[in-house]
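The letters A, B, C and D name the chains in turn, as written, and every chain counts its residues from 1.
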Amino acid sequence: MSNQKTNVAVIGASGYAGAELIRYLLAHPCVRVSCLVSESNAGNPISEVYKGFLGQDLPVCESMDLDSIAARSDIVFQAQGNGVGMKIAEKLLSRGKRMIDVPADFRLKNVETYRRFYNSDHSALEALAEAVYGVPELHAAEIASARLVANPGCYATAAILALAPLVCGKMVDRSTIIVDAKSGVSGAGRSKLDSSGLFCEVNEGFKAYAVATHRHTPEIEQELSVLTGEDVMIQFTPHLVPMNRGILATAYASAPAGSDIGPTNCLQELYSNFYKGKPFVAVLPPGEQPCTKNVFGTNFCHIGVAADQRTNRVIVTCAIDNMGKGAAGQAIQNMNLMLGLPEATGLLAPPVYP
Amino acid sequence: MSNQKTNVAVIGASGYAGAELIRYLLAHPCVRVSCLVSESNAGNPISEVYKGFLGQDLPVCESMDLDSIAARSDIVFQAQGNGVGMKIAEKLLSRGKRMIDVPADFRLKNVETYRRFYNSDHSALEALAEAVYGVPELHAAEIASARLVANPGCYATAAILALAPLVCGKMVDRSTIIVDAKSGVSGAGRSKLDSSGLFCEVNEGFKAYAVATHRHTPEIEQELSVLTGEDVMIQFTPHLVPMNRGILATAYASAPAGSDIGPTNCLQELYSNFYKGKPFVAVLPPGEQPCTKNVFGTNFCHIGVAADQRTNRVIVTCAIDNMGKGAAGQAIQNMNLMLGLPEATGLLAPPVYP
Amino acid sequence: MSNQKTNVAVIGASGYAGAELIRYLLAHPCVRVSCLVSESNAGNPISEVYKGFLGQDLPVCESMDLDSIAARSDIVFQAQGNGVGMKIAEKLLSRGKRMIDVPADFRLKNVETYRRFYNSDHSALEALAEAVYGVPELHAAEIASARLVANPGCYATAAILALAPLVCGKMVDRSTIIVDAKSGVSGAGRSKLDSSGLFCEVNEGFKAYAVATHRHTPEIEQELSVLTGEDVMIQFTPHLVPMNRGILATAYASAPAGSDIGPTNCLQELYSNFYKGKPFVAVLPPGEQPCTKNVFGTNFCHIGVAADQRTNRVIVTCAIDNMGKGAAGQAIQNMNLMLGLPEATGLLAPPVYP
Amino acid sequence: MSNQKTNVAVIGASGYAGAELIRYLLAHPCVRVSCLVSESNAGNPISEVYKGFLGQDLPVCESMDLDSIAARSDIVFQAQGNGVGMKIAEKLLSRGKRMIDVPADFRLKNVETYRRFYNSDHSALEALAEAVYGVPELHAAEIASARLVANPGCYATAAILALAPLVCGKMVDRSTIIVDAKSGVSGAGRSKLDSSGLFCEVNEGFKAYAVATHRHTPEIEQELSVLTGEDVMIQFTPHLVPMNRGILATAYASAPAGSDIGPTNCLQELYSNFYKGKPFVAVLPPGEQPCTKNVFGTNFCHIGVAADQRTNRVIVTCAIDNMGKGAAGQAIQNMNLMLGLPEATGLLAPPVYP
């Protein structure tokens, strides 16, 4: 098998998402890392930036050269940042390559919405038109045949997995959906340097940010609208947790007017059935709540469901690792589907605990 | 002034709330700690339990003896745990003493609700009848003349301060209120010992708990109902943050049917006016969000207000220290009112930062 | 290959070391977990204790039954606690099984020393006589043929790897060795429950413990004495770091009387040569210091060497994961040698970072 | 008394040491903050930088103008950074003001050593000549009459307090002293911005730095040499702990050749006597070890002493808050002496715990 390994390139290797991709790729039995692109570390081994890669067999980092990347890779992970994917997607596709864009360039189908939330015009409309939004639990078939996959945002992944069974099943009044989400700090990345990211400023503190304005809002709304066939508008509030990794999304929704939210075990069963056969989603028994620690460093997603008959609401909590199922892990899962491999290939390692 | 210092006793001195009371009392210019009750540490200085009290002038811990406590104290802080206050309140009041109960015994006026949430009958109905719910920003006059003050729950304090201006002003549909709250770990106290409280199990993890069932829910509902004159039912979800101190409550509510939530600056002004002259509540400018770090170790409360005109909701975030404004600090503030002192006496120290 | 997988049992599956063994074993291509022993969790899946194992193919936990374990396993990891290994080792060996004892029963060859440091008599002297101290970098051949391997202590591993090149090379005055070591909290395990292990008590604090009395002291001295052929007495001081995993040992030693410690690069070269071909030990370039984060969750060991010509001392810093190279990882490495596999099989995954 | 309050200025108000000075000054009964200098925040209240100062009565920040500062202040704290003190000290002294320099400009008496460790020439030799090294436990009388006090380094304070009784008493071989020190992250300050200070990079990691080269080394050696009357050369190694505040110094020294280190209780008594009457130093009973948490946010220093008769060494552990006794707290203590106040005035608040 090893002489048939697929060659993959990682653009943006020295960012956190890039490093996490490399970690997953090293554990994958069917691919090899052929190319690591990092402008800031070109010419050096990636272990110059991440000492944890000492002793690993990895190519030296290089500057971006699309022809060279295309010549040596079949799949390209773009993890460098917003705006890079738009510049390179069509060039890679035209060279017969497939690309998974980890940032946000190809997530929003509506270019007006894109402009409003990202303050720039979209410059790769053809690529955008064919891009598939990469939540494997919902769009496996389209991902399998896609040339370009838009890897979902970390918050968006948690929110969509938390809400998909409810909105698909029309179990809730879609105007009442609130997602209160909490993330570890690695989501901010490694290159943003101001005092607000300092250990001392983050440690032992908790706060909300981007209230009513966060960029993942339209992404969640777009996908929930696709699932339900109707426009969905949600309330989304992100918060910063003093820990490195993990997202917990707490989602609220009311039963439709005139109906009853029903007992927890019915809703839990709805979720269990919805995610039956999905290797990375575990729906916890009634009364249990997921903890981000239990999915740390993994591609797993744990979901807890509770019906509150007093208030006629459902409360769903969904835990993922923002770097795993929320970024690099899901990107690998998408790659597996694109390569025709079982979607869990190389992705089943349990969390490092404690 | 010092020869007129009021004598105060702390029951439950070796718990976290007890220790925090001692810390505030040491900084207070008008009181002296006359009596520390701790069954587990009786006969020893409190610095046996908390080495941080080495070098402080404090009485040795003793066992509970109500006559002795009453003989040496004018005000008694009961911080030992749920159920203790019910046993001693009437005895202390009949001896002419005043008491501030830090746990939950006298918070809920409805004994049925008490039984449902605390799994026991209330055994001090007379005391309960006269107890005043101690949020000084709302009930200063009653607190000043009270013999028995029920110190509010930590989550309840944050939720009530976050929502009071809205419900008093009838600015929101009271059936849509959701409070998603997050707390540091000290709220669980020092005596609960199982593996779930271990550093390794808590650190680098985030989770919800007591979804739809938390005991502070009826407390919040009772107080909001008093404020608005109508029954208020809320959704309340607590979460555990891997940090020692701090609560952030994120509260959501929709504009009443047919009205507009209006712009953020109007709501912010409503809050600023509501809390005008309240020394511990700071309403942040539009666009800013409070962080628990900024109230760490203090009795302050920071509030951020945001109107989302897209969804017609208001999102209010409220940061307190669960041990400060959420417990011991507020208890001292109540004591100040009871003693006829300016309510901020001894309580204005800023946070230890970073 | 899979129909030739070696069956391994883990005794003490619900402890931290047990769980870490399971994590490594799941990633190992040549073994399968045939048997998980946990008295406290018998009859339940291990995912009842560690939710992170949801979705993994693992046997249900069971009570200790040596005949049954022996019938289904070729290699037994004993990770339940001190004193258990002594009770079962000879029974397992007599049934033709091989055992790796993760706690301390078979580490100290001198039973007097054992009695002094562990407050009990040794009850398996024959097994002790044949047990091999399992530092693969130093004793690979003996480990390969051993029936019983004593897995080294976490601190001992770090100290021995930090000092072996120096003492073997007689580069330092062996009477001047000081090891100042710092460990994450997981070393205390999951079953010790008192208030000192609470998140709030550990978080944001740092302290020494067991000064001049820690049990790993004789273990380090025994091994360094074996290496140098002379009695070595060291000073060892452990400290607790508010983090989950990782040990950093800072070792000090003076040049022998009359000699010069020499430049850093010579010492660094000595270390590089000493560990040449050892897949898990990386000796950093002069001027660099290892960080525990870079070996988090792994079996790697990073070493920094600095000569201080001003003081004529060498300072060696050595970073491992106390649960990895300091416990379960090293146990797997020992198992690999015992099975005749390449010693790095299944163990090369890089750290989860950040 | 309040109409006689001493006016004090803080230069460098928006750094961590500056903010900590303000916090202590707000709690001080005999001074008022007359002037806050911050170039980066000039024209704004300090609560723009530190929201925790909301509600405090403090002057608006201003740019540096020495005449203006001198006109409005009697004592000036210089906390802006290395190199600033040299520029302003003589100007302030000539205007009849007294100054406490928190950074390193006036700590080293030997200008050659200064040049070597700080890579610049000293430009205020007259001021240097009269500067007093400000450890109040050792130099109270000189501090009281000083016009210029050099506030000691954080590590230096811990090391000197740990070792002073030993070297003064000639209890140890001064060539064997090793100080292995560990600090929280706030020591790095708020203005150094690179990825190494990010929460994600620091959290859950531990490492040494500046091995054999740290700038506090000559400071410690200078002071120990003064105390003992002989040249002392030490080994000093700092480490970074993933917490905000606190230093623990673990100091090692051997008994002089031919003598016995003696029992722990004799050494503990030596320390108790040495620090008798010093309000901020607590020498713990034999067998106890200090924890940084117990001095968090305070000016206290806790010391543990252990004799190891096996190795003939003494191990002293010393815990301080690097921002308190290691910086701002000690500066206030120095100010108290300079003003003829009891040295503990305004400084006795116990730690915020937990």
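By definition in this document, a contact is a pair of C-beta atoms (placed from the backbone, for glycine too) under 8 Å apart; a residue touches a chain by one contact, two chains touch by 3 or more.
All values reported here derive from a predicted model rather than from experimental measurement.
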Which option, C-D, A-C or A-D, should count as the same interface as B-C once over half of the contact pairs match? A-D
Between A-B and A-D, the pair joined by more C-beta contacts: A-B
Which integer distance in Å separates the CA centroid of chain A from that of chain B? 39
Just curious, how far off is chain D from chain B if you go by their C-alpha centres, in Å? 36
What is the distance in Å between the mean C-alpha positions of chain A and chain D? 46
Touching two or more other chains - residue numbers and ranges from chain D: 16, 186, 190, 200-201, 203-204, 242-245, 290-291, 293-294, 296, 354
Using the definition of touching given at the top, classify the network of chains in this structure as line, ring, star, complete or other. complete
Taking the touch rule as given, give the residues of chain D at its contact with chain C in the complex, in rising order. 176, 178, 180, 182, 184, 200-201, 203-209, 211-212, 233-235, 237, 239, 241-246, 248, 250, 252, 289-294, 296, 304, 306-308, 310-311, 313, 315, 317, 319, 354
Chain A-touching residues of chain D, taken from the complex the two chains share: 16, 185-186, 190-191, 193-195, 197-204, 242-244
Can you name the residues of chain D that touch chain B in the complex? 16, 19-20, 22-23, 26-27, 50-56, 186, 190, 204, 244-245, 279-280, 282, 284, 290-291, 293-298, 300, 302, 348-354
